[in-house]
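For clarity, chains are labelled A, B, C and D in written order, and residue numbers in each chain start from 1.
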Amino acid sequence: MDNLIALLVAAPLLGAAVLLCGGRRLDAVGHWIGTALAASSFVIGVVLFADMLGKNAEHRTLTQFLYSWIPVGGFQADVAFQLDQLSMTFVLLITGVGSLIHVYSIGYMEHDERRRRFFGYLNLFLAAMLLLVLADNYLLLYVGWEGVGLASYLLIGFWQHKPSAATAAKKAFLVNRVGDMGLSIAIMLMFTTFGTFTFGPVFEAAGGASEGKLTAIALMLLLAACGKSAQVPLQSWLGDAMEGPTPVSALIHAATMVTAGVYLIVRSADIFNAAPDAQLVVTVVGAVTLLFGAIVGCAKDDIKKALAGSTMSQIGYMILAAGLGPIGYVFAIMHLVTHGFFKAGLFLGAGSVMHGMNDEVDMRKYGGLRTYMPITFVTFGLGYLAIIGFPGLSGFFSKDKIIEAAFAKGGTEGWILGGVALLGAAITAFYMTRVMLMTFFGEKRWQPDENGHEPHPHESPKVMTIPMIVLAFGSVFAGGFFSIGDRFLNWLEPVTGHSHGNPPVSALTVTLSTMVVLVIGVAAAYAQYGRRPVPVVAPRGSLLTRAARRDLLQDDFNHVVLVRGGEHLTRSLVYVDHTLVDGVVNGTAASMGGLSGRLRKLQNGYARSYAVSMFGGAAILIAATLLMRAV
Amino acid sequence: MSASAVHSLWTTAADPISKIEAPKIEYAQLSPTLIVIGAAIVGILVEAFVPRKSRYYVQMFVSVVALAAAFAAVVGLATRGYGTTKAGIAAMGAIAVDGPALFLQGTILLAGLVGLFTFAERRLDPEAHGNRVDSFAAQAASVPGSDSEKAAVRAGFTTTEVFPLLLFAISGMLVFPSANDLLTLFVALEVFSLPLYLLCALARRKRLLSQEAAVKYFLLGAFASAFTLFGIALLYGYAGSVSYGTIAQVVDGTVKNVDPALADTMGNDVLLLIGAAMIVMGLLFKVGAVPFHMWTPDVYQGAPTPVTGFMAAATKVAAFGALLRLLYVVLPGLRWDWRPVMMGVAVVTMLGGAVVAITQTDIKRLLAYSSIAHAGFILAGVIAMTPDGVSSVLFYLGAYSFVTIGAFAVVTLVRDAGGEATHLSKWAGLGRRSPLVAAVFAVFLLAFAGIPLTSGFAGKFAVFKAAAEGGAGALVVVGVISSAIAAFFYIRVIVLMFFSEPRPDGPTVAVPSPLTMTAIGVGVAVTLVLGVAPQYFLDLANQAGVFVR
Amino acid sequence: MNPVNYLYLAALLFTIGATGVLIRRNAIVVFMCVELMLNACNLAFVTFSRMHGNLDGQVIAFFTMVVAAAEVVVGLAIIVSLFRSRHSASVDDASLMKL
Amino acid sequence: MSFPLLTATAALPALGAIATAAVPAARRTAAKWLALVVSLATLALAAIVLVRFDPGGDRYQLTESHAWIKAFGVRYELGVDGIAVALIALTAVLIPFVILAGWHDADPLETGNTRWRPTQGFFALILAVEAMVIISFEATDVFLFYIFFEAMLIPMYFLIGGFGDRAHEHGEETASTQRSYAAVKFLLYNLVGGLIMLAAVIGLYVVAGNFSLTEIAAARANGSLHMATNTERWLFLGFFFAFAVKAPLWPLHTWLPNAMGEATTPVAVLITAVVDKVGTFAMLRFCLQLFPEASKWATPVILVLALISIIYGALLAVGQRDIKRLVAYASISHFGFIILGIFAMTSQGQSGATLYMVNHGISTAALMLVAGFLISRRGSRLIADYGGVQKVAPVLAGTFLIGGLATLSLPGLAPFVSEFLVLVGTFARYPVVGIIATFGIVLAALYTLVLYQRTMTGPVKTEVARMPDLRVRELVVVTPLIVLLIFLGVYPKPLTDIVNPAVKQTMSDVHEKDPKPAVEAAK
């Protein structure tokens, strides 16, 4: 059984290799190969899962040692895998949702001549992501970590002829690199602290290290998580990442990759548990992002960017939960999984809508689409209900648990975090309702584009709708399935540990209050977008709205401070290099030449002056000799 | 001065001068010099009696045979151990036959032989009226451009006197480093200087420059030798003798039977110091050390290039030989006085030569300044004041002289309508036109620059090492810096030859006769051999590194 | 009379000669000055010879004269040829080569 | 005695150079093939060296020792340790690709001139450089090393100054002047460095009495040869200066951008991927072994300079408008990492530095050669002249991207391993330095991706619309390099196994031990 783990990674990796090196002759079948390998990986995952269920909790962790990777002195990095419940959860999510989205892409990318390469990249992503969650040490995890970054870079910039896409891709990679810096520093710290960075030993020794060191490690890990999971202050890339094809947004920037940060924190539970200060920071980051994303989501008219904001905010929930420690780990992961379902579903829905609307993304140009694309409408709607936490659907259970946990943190922190979480729930309800209304309700607002093409909204082909339906099922039932009898809790508890904390208010109160804020949010949205017609041209809007449209000015800040400043710095450095560093040398040469030119004048061609120099020389010679004797 | 001394003077003078025994001359030990001098005299007779047409060949034959024979004699002496075990004083103390002397004589003879080939080259200049012509004036006496000269050219005259002159110069040079008393030193100095003055004036092309060079060289040379002579006088006054050995003893204070007069002058070190300084100055003039170097660029530029090459090589060898003997045999007791001074001279020579060379535009002047810089490097070895110092200098001189002759021989090949095209701008793109010549010249330049795997590096390393071991580390640092500066202008020439576009009015490269080819070939061969496998020659220099006293 | 004075005279002559070389333009005169320096040396030799009571100095003086004569031969030859081609014996005119 | 394998490895290319130079002007292609075959044969010899080398064996293996210049106490002593073997292998691997990549770079412009044989010269010089580089990796005699360390400059100088990119945005005239400026700059910088080293070499002889690395190191170790503190420091500085110029280390770096910018790309690769490695290699072998105390004394300053190189080089790379200069400054940044690793005095750092030399060689070769193919197509080195290449020449773009990703040391590719080792090694002893150095990886991503975006993505520029994709010859050059990058990134163990023992030795030379972790983890 253990030896299957490598296959999980190998299958998609093989796919990537074949598709990317295969050349044009594979164009016809490329997408089938890619999908098949993704699916096979999923099958293997299921097999392993079944096997794992067969065992009892203690013996569920599988490990596979492939080979010693970088052995230098005390520095021993192996290529070895570890498959426990946590990784298993991710494996199933990744391969499952991944396979679905492969299928969906077959339809979505049908008219793109570079479809083969697209599937190659998707496979590459799957491989990297699986490596990330299966690695048994931080360095190997780092490989996966950057691997998914690469895949996301390639996929965001897939339509490279669009400068905006290329820029977005670059931005995503760079911001992630900042996060990666955190991860690598964390690894170095672990190495100097524990002499290793393999999960097991590190977690065992974690207790022995000073809290300061652990806090440092934890914060560095958090930095990494912020980069990958688009948390404040490294969230700026996610919105632009929507330049990529929609399936990519669904898979990478909603369901899986962006949640890697949560995985990292939960995986490093032992370190975080021992570093309360770091945990506090984590919760704060989560809370802030939660609101940040939500607010941004309210203002965007681009359907994908709105969803992106929502993703940010939902991951904020997860990070918040993860920051709560044992109280929240399980729920963080649970919300992660359910979110994987409904957010992927929502994105695929959005993709389907765009597919029918000539890739129009401005919701103000939609309207009343429910009649044109019923399946999309239904699946999207179910996803919508799930995310706003409509009772009984996935989001309801997972998010509710997080809010409870936030209160359960206790003390003022608990109240504040819980309050923020509630507020977030309200805003979520608002912006999602907004999206829903602007897209599917009201009267049609689309006009012919500049070259006179009137879009003809139509339902997408089966190959695209089926994945949406499947995901819709997931968004409806997953939450319930997990929560009944605490299935999910019992499943993960052996890995992450769990504690109930001390809730100041009863679970029921929390649930009711969530209901209340939910209703408020929906109502507010309906009042603004359901009752009155939506203007095709966005109104100027309040200061906050305008700020939110610009990602709360975060990009402008980056531009002014980092980009401009950087440009000035480099330009001045180029100048310095040329004039100063090089100038010194050239200057020496020049002055030498000048000196030479002057000395050369002494050679004036007059024999008598030569004689003078000889005479003087003789005089000096004699004088010097006598002087030597004198002293 | 005491009266008794004066009285004794009278009485000695009054004695009948009866018991002067005939001087005893070791002809064998002196054979190299004698052979050359003899050949030179034969050469003069040839000028007198052999018909003009065949003079050239006869002179060639005589000179080559003489130099070869002399070299054979040197080798013979060396193999018989006169360089080491049997080293001694010959000719009533006038000549020392020891390692350094033989080594340098050998070097001078070889250099002279190679130089002779460049003298005899007759293919480079276009034929005048069907006569092959060399680089010397048709008739030295006739005014350039005058009818008499035209007539001389038409008649196909050539100045075959250059061969005896060359031999005389060589003979003087052979004596110079082996002179064991100051008189011989002075005579040898003049014997090799005067022919050189004449040779400088004999250029076929650009006679005005040639004559100007001669005048400058002559006047300044005479000026310098006057200083030398006065120095000799003072030293004689100090020690009451001109023989190296005696002077050395007096300097060390180990002299026996001190008569009162001597006791009187011995006390007076001023005589000694000034005298020594003036003699050294004369020698420094010959090696072209700053500030006695100013004749070098002008003379090197004006003189016929073969003469320049020979002069640059052989004069340095001879003069440094003499300087070494003077400092190591006569004045070791004085080293604490002259070492610092010489260090100063070495420093300014190295730096001055290198710096001024940067802005030169004439290849011959460039090489002149480079030779000044090299004189500085060699001085660094001289100052070491150790056996290693001697041998390193010997090695350096050997290596340097062949590179120099070779380099100037290449200069003779690059010609345009006005004769040799010595202006650097004309050399642009030479590497494209005739890669071989350019490559050869590049090799010489790299050797001058002291790039590893060339003789220049081995020599430079040897002298610097000696200097460092002799406790003159500072000199090594200065030397390193000035070699860096020097590298700059050697590289400039290479850039010019290889990386810049050839000029339409650029010079042509004449195809030389085997003579010049041999000269250049020998130069290249020696450069590379001494660069890659210097061991044998270093050993030679090491064995030859001890002076007899 | 103390022979040392002759040394002073020799030194004086030498200096005069040297100065002449430095200041006079005419090549011939310059050359004469050199000769003067050589003869100053001779005087010094002879004087020392007398002081030391050996004959070396006087012998050397003869050598010097011969050498001087040889120098005259060569020197005049050169100077004359220069004069004929330039119609000037000024050493300052002979300054084509410089820098 | 056994077959002189090391001598043969160096002599073969040397003889090949002579033979190639001798090929008559008309038989240009023959010369090319001859050079290629010779370089491949050399590769075979290097492979034998690699096989014969036993990581567990003595420190220096395959040793040869003959008397050479007794008067200077110089012996012809060769021997390789793991580090040398790795670098010899790198050199031998890269040269064939360099030759292949430069296949047409030296075809003479004006035909007819039968004397002028640039092609023969070009390939002969490349082989000559290979010979000298290899022997300076093998030399265990300081003087012998110095000789070739210096002599190497001459062929390099002619390669830089004599051959340039075919088309040049400013026209051939300015091109040649810029070229010769670059060549002279290269030569003077390195010559000055070398001469200062010469003084130190002589000084070393005066102190030690011979030049044998092994003997001197042993004498230093057992205390029989004592150096006064100041003497040791001066000598160290003399050596280090030369190596720092060669490496190059800030602020002695400015020759590199000129040289790499003006030279043809194969030559540029030769400079940065092969020749410069001699500098860093020599730091590891000579500075640390001969002057351990002085090395430690100088470490703080050197670390700071290395840091500056890393950040400064990267920032300047961001600011470049010329592709080749950009790569040059990137290399300066990378050399900063190498030197950092060497002087961090930890086994991770030094193994990392050694791996870094190898990996940087391969990755830069890959990136630079592809860039060269790109430039040769468009005839311009300016980034601004490109755009949308990815659409017309996807393979070229793909390989270029991989080269770039290697340059920003993406995990899974070889450079990541070495860079991370260097960082860890540095961090272990100097945490702050390590953290600052880590910023380098962000900047690396910046300049690489900016370069890729500006040249390869976006709308297709009309000038590049017709651009052909990689040809077979070019694929043959690039593919093996990429395979190597991936292989050494996924499975570097073969390399580390060779290098580690040598590094352990060096560590003991400088009397250093890896710092112990704060908490001993339960293994």
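The criterion applied here is as follows: a contact is a pair of C-beta atoms (placed from the backbone, for glycine too) under 8 Å apart; a residue touches a chain by one contact, two chains touch by 3 or more.
Chain labels with UniProt names: C = NADH-quinone oxidoreductase subunit K.
What you see is a predicted model, and the numbers here were worked out from it, not measured in a lab.
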More contacts between chains, A-C or A-B: A-B
Identity of the most central chain, Cα criterion: D
Between chain A and chain B, centroid-to-centroid distance (C-alpha), Å: 81
Distance between chain centroids, defined by C-alpha means - chain C, chain D (Å): 65
Inter-centroid spacing, chain C versus chain A (mean Cα positions, whole Å): 97
Centroid spacing, where centroids are CA-atom means, of chain B and chain C in whole angstrom: 24
Touching two or more other chains - residue numbers and ranges from chain B: 215-216, 219, 223, 227, 297-298, 488
Numbers and ranges of chain D residues touching at least 2 other chains: 188
Set of chain A residues in contact with two or more other chains: 589, 600, 603, 605, 607, 611
Pairs of chains in contact (touch as defined earlier), listed by label: A-B, A-C, A-D, B-C, B-D
Touch list for chain B against partner chain D, complex: 391, 432-436, 446, 449, 451-453, 457-458, 461-462, 464-465, 468-469, 473, 476-477, 480-481, 483-484, 487-488, 491-492, 495, 498-501, 533-535, 538-539, 542
Chain A - residues contacting chain D, complex: 20, 67-75, 139, 142-143, 145-147, 150, 153, 157, 160-161, 163, 165-167, 169-170, 173-174, 177-178, 180-181, 184-185, 187-189, 191-196, 201-202, 204-205, 208-210, 213, 566, 569-571, 573-574, 577, 581-582, 585, 589
Of all residues in chain D, those that touch chain A in their complex: 188-189, 250-251, 253-254, 312, 315-316, 318-320, 346-348, 351-352, 388, 390-391, 398, 405, 410-412, 416-417, 420-421, 423-424, 427-428, 431, 434-435, 438-439, 441-442, 445-446, 449-450, 453, 456-460, 491-493, 496-497, 500, 503-504, 514-523
In the complex with chain B, residue positions of chain C that touch it: 2-4, 7, 10, 14, 17-18, 21, 27, 30-31, 34, 37-38, 40-41, 44-45, 47-48, 50-54, 56-57, 59-60, 63-64, 67, 70-71, 74-75, 77-79, 81-82, 84-86, 91, 94-98
Residues of chain A that touch chain C when the two form their complex: 600-601, 603-608, 611-612, 615
